[in-house]
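So the structure is just underneath, and the comments pick up after that.
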Amino acid sequence: MHYTPRELMVVCAARQIRDGENVFVGMRLPLIAFALAKSTHAPNCVGFFESGLVRDVPSPELLYTMGDAPNIYGSLWTTTTLNVMRPMAAGDVHLGFIGGAEVDRYGNLNTSMIGDWQHQHPKVRLPGSGGGADIASFSQRLAIIMQHERHRLREKVDYITSPGYGYPDAHNPAGESWRKRVGLPRGGPAALITTLAVFTFDKQSGEALLQSYHPGTTIEQVQEQTGWTLRLANDCRETPPPGEEELKVIREYDPQGVWTG
Amino acid sequence: MHYTPRELMVVCAARQIRDGENVFVGMRLPLIAFALAKSTHAPNCVGFFESGLVRDVPSPELLYTMGDAPNIYGSLWTTTTLNVMRPMAAGDVHLGFIGGAEVDRYGNLNTSMIGDWQHQHPKVRLPGSGGGADIASFSQRLAIIMQHERHRLREKVDYITSPGYGYPDAHNPAGESWRKRVGLPRGGPAALITTLAVFTFDKQSGEALLQSYHPGTTIEQVQEQTGWTLRLANDCRETPPPGEEELKVIREYDPQGVWTG
Amino acid sequence: MSKLTSMADAIARYVPDGSSVALSLALEPLIPFAAGHEIIRQRRQNLTLIAPISDILFDQLIGAGCVAKISAAWVGNVSEGLAHCYRRAAEKDIPRPITIEEYSNYTIGLALLAASLGSPYIPTRTLLGSDLPRQNPALRIEPSPIDGTPLLLVPAIRPDVTIVQAQRSDEDGNAHIWGSVGLSEEAWLAARGVIVVAEEIVPRAVILSDPNRVAGPSYKVRAVVHEPWGAHPSAVQGYYNRDHQFYHEYHTRTRTLEGFQAWLDEWVMSAPDRAAYLQKLGQPRQQSLGVKEHHYAAPVDYGY
Amino acid sequence: MSKLTSMADAIARYVPDGSSVALSLALEPLIPFAAGHEIIRQRRQNLTLIAPISDILFDQLIGAGCVAKISAAWVGNVSEGLAHCYRRAAEKDIPRPITIEEYSNYTIGLALLAASLGSPYIPTRTLLGSDLPRQNPALRIEPSPIDGTPLLLVPAIRPDVTIVQAQRSDEDGNAHIWGSVGLSEEAWLAARGVIVVAEEIVPRAVILSDPNRVAGPSYKVRAVVHEPWGAHPSAVQGYYNRDHQFYHEYHTRTRTLEGFQAWLDEWVMSAPDRAAYLQKLGQPRQQSLGVKEHHYAAPVDYGY
């Protein structure tokens, strides 16, 4: 059955959600992933939206922004931005989703500036963190969703907006121990989901491991489009394609393919 | 025209309120003082209640507690305790009222413990600060309302719950400079209103000055009931008695004399 | 899934001996007396009680010997004055010694706020120069790293459980509270778990029709207890008014230890549950406390 | 006394050159575009803009040259992506250089919270290991006085004025807001003054019938502006929906400087006020954005 790369990404994102989890949901693909997980394997997950919303059923209509009126209607709690982020800061959010312009092999994410920002004007000024850096700092697991292009998956990002596993230095590795060193309370990237592949992370070294490559691509093609030398997960294999039921839910939610086309 | 000591105290308290001020209102007498000021010289004052209320008209019925239902009805804002205290912390409350079990010549107030609390059980355990210590710390002016008895107006209180002007030490005076030294952002006692008299305070030395003694008492009688040697304000005189209009408002609000009898 | 349980089960399961419990958070109204009385009946021990001001509920829990520690701003009887059991415990260790960590309303709020923010403390300028920082070992004074001026640091307090009295809730713990809410929101967000005690259990659709009025996120709710008049003698806006006379009677009857024992036996120990309590209170008295005049909120449209 | 004024007067009096302005606080909905456009028409200079995320309003104010500094978490076009004027200013100083102090949504919220609490800063554990503390000189990392672990200290931000878009308000600035409110409450309490822009002006009794829904204390309100559709193209729950197409057109038309100028002239400079803007927008488009289905909140009784 035919499907688009974005539909596959939504399916991969949904598979990150476990039943009963508190999920900090971003816009676009994660939003649809939340809807998909709810109606398949994770009926009891709860979605948090930084505009000030908690809801446990997908919005009745496709959203262009999380603040759209249909997302407020039927929510469990409509409140302040701080109020929905406070539980995340305290450790109650299991999984957070974010996207970015650049990511590096340690899962550090840049959504702020491309270029040598410390000494001159940035080459490209991106919108910035939004809630991304907070989600990356506070959620127990982070799932990153990105377009897979060689200039986006880099050895080192120009600017760390959302901390992943940092970098190794002369004496210490990246990874969980780096997060502890800098003072982050928990968490770290659990998955990097791209148009070509899915990566997991080695929490000790902090490095991305190729977990699966999407049907129609090869490890070689993924390497070509990746700015660092791939390390493979032990069970690295082809990404299981979407099931019919999964595609059905996605297309019911986004019939025009606004986000998944 | 006859009036009770408490009615006179309410009148004296109301005279502390200036038009247009934000007033942190306590219970009992200050509450009636707020109602009196509103309907006489300060129609535009606004009342703050720590249970989480802001209102600009007195409650339609006499209150036993600030959280009574009639006090919520018709309020400008019903919210959290922190939300009504935040403006006070930021300096927006002009006048705050509190009562206490003990006060000393520097306007330090004790509502916590009588006796040598540091080395043994307290002789009397009082209810504690409530919001009192915050009102004393944050409001621009503090008005203290108390029963005038020698054991209550002391040279030095056993425990400072609500800071007034502190104490002098070997090198520094009490007063405004003491508040600055300990780090209080502003404020200090402006008036001590008792069943016998009204005191103001010398902000430099922090000492209470007898401003007026109530009709029927004398300076000597006030001194007898006061645990420190009185200092008189330059214009110390008899307290102007309540006007007819003032008593009318008080008795409309508290016809049974529940608080003012 | 429904979280509806009896009060007895909710307290038995979620308020074990030694736990720290935030309750009586809205100051004078919405005090969960029914929950407190069940804690007493189950003879809970070594509790830490957390609240801004607690009307007479804390006095009852202290007098019944359930309490080891109080972290609060005020323990008394709002319309009457002193709390006799609190005095006996603090002055004479009767029925048992209690540790008192004294806060102000603002600082106990900041302690709960800090926990809810995942922050170790909140700096403030209240209580400087007062004896509370000397009395309460949790509070500390440090120079500001920004300008060196003295700051009071109020460390986070994370209750094991917060008991919230609500007007109405659905079976999952999505609840509406209105009227003055005190520190209910901070305590809900700061706590590890929440027990909701509601005057009414309503369909989910009623609560979700007004999501801005919801008291807190229901994923934290462990139990929902349907307990009409569960807050008596305190007030519940739109349901019943404060029973001032009851507070007066309590004040006069509990001056002596024997008087308190008699009061406790009469109103708590010999009333197996809230139904029995209300029967004892009697219909006429409930009627006299009931709502005389309705004042409904203006309509609000969540449509699109 | 009534605080009703025209938008022109409100901006002229309360948003002088060089002031710091918090606006666009509810993230995507309730963005005060009408207020922003009046700021542009009055050619305000050297403003500091404060918000969590700002949809395209900040981009317009930057492109029009009103802005010297941005303290925000995100400046872009939520449904389309990058903000072209923001890029031109940050990358090429066009039309003028701007200082950017980058925050996250949580930390800009904490900065406003700190100001509203009268606290110099709030400590937190977000952003540690990120480059924001290096980019933003206001943020600093210090060891916790409690356990020595690193903490990010977020200093207070006190806006000169906060502009709040509300569904309804009375003439004194007692206002109701519903739907997601973002940081509106923090910004209201943190600011020196507040301008309320309301879809409807209603009698005081309507607002006071539901005091728990009031957005903030009205003593802070300097001006109340009655501006129906003042938030278009953003959404106002219960009044109109977000005009996604408008954001798309803006995104495509403002890629070039000339394109932006043309857009600005067409929608802002040559429309003297909101009425003219709406005339240009047209009835059919307003109708298409209007509420199709009403969803009213369940009744609430404040009676006693």
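Letters A, B, C and D name the chains as they come in the text, with residue numbers starting at 1 for each one.
By definition in this document, a contact is a pair of C-beta atoms (placed from the backbone, for glycine too) under 8 Å apart; a residue touches a chain by one contact, two chains touch by 3 or more.
This is a predicted model, so every value here is computed, not measured.
More than half of the contact pairs at B-C come back, by residue number, in A-D, the repeat among A-D, A-C or B-D. With B-C and B-D as the two chain pairs, more C-beta contacts join B-C.
The distance from the centre of chain A to the centre of chain D, each centre being the mean of the chain's C-alpha atoms, comes to 27 Å.
Each chain gets a centre from the mean of its Cα atoms; for chain A and chain C, those two points are 40 Å apart. Multi-chain contact residues, meaning those touching two or more other chains, occur in chain B at positions 53, 68-69, 72-73, 78-79, 82, 89, 138, 185.
Looking at chain C, residues 110, 117-119, 124-125, 151, 178-179, 181, 185, 212, 235, 237-238, 241, 295, 302-304 sit in touch with two or more other chains.
Pairs of chains that satisfy the touch definition comprise A-C, A-D, B-C, B-D, C-D.
Residue ranges of chain D in contact with chain B, taken from their complex: 115-119, 174, 185, 189-190, 208, 211-212, 214, 216-220, 302-304.
Interface residues of chain C, counted against chain B in their complex, comprise 26-29, 52-53, 55, 72-76, 78-79, 81-83, 86-87, 90-93, 100, 102-107, 109-110, 113, 124-132, 135, 141, 149-152, 178-186, 234-235, 237-238, 241-242, 244, 295.
For chain A in complex with chain D, the touching residues are 27, 49-53, 64-69, 72-73, 78-82, 85, 89, 112, 117, 121-134, 136-138, 159-163, 166, 178-179, 182-185. For chain C in complex with chain D, the touching residues are 110, 117-125, 140, 142, 144-147, 151, 153, 155, 176, 178-179, 181, 202, 206-207, 209-210, 212-213, 235, 237-238, 241, 291-304.
Only residues 22, 46, 53-54, 68-70, 72-79, 82-83, 86-87, 89-92, 138, 185 of chain A touch chain C when the two sit together in their complex.
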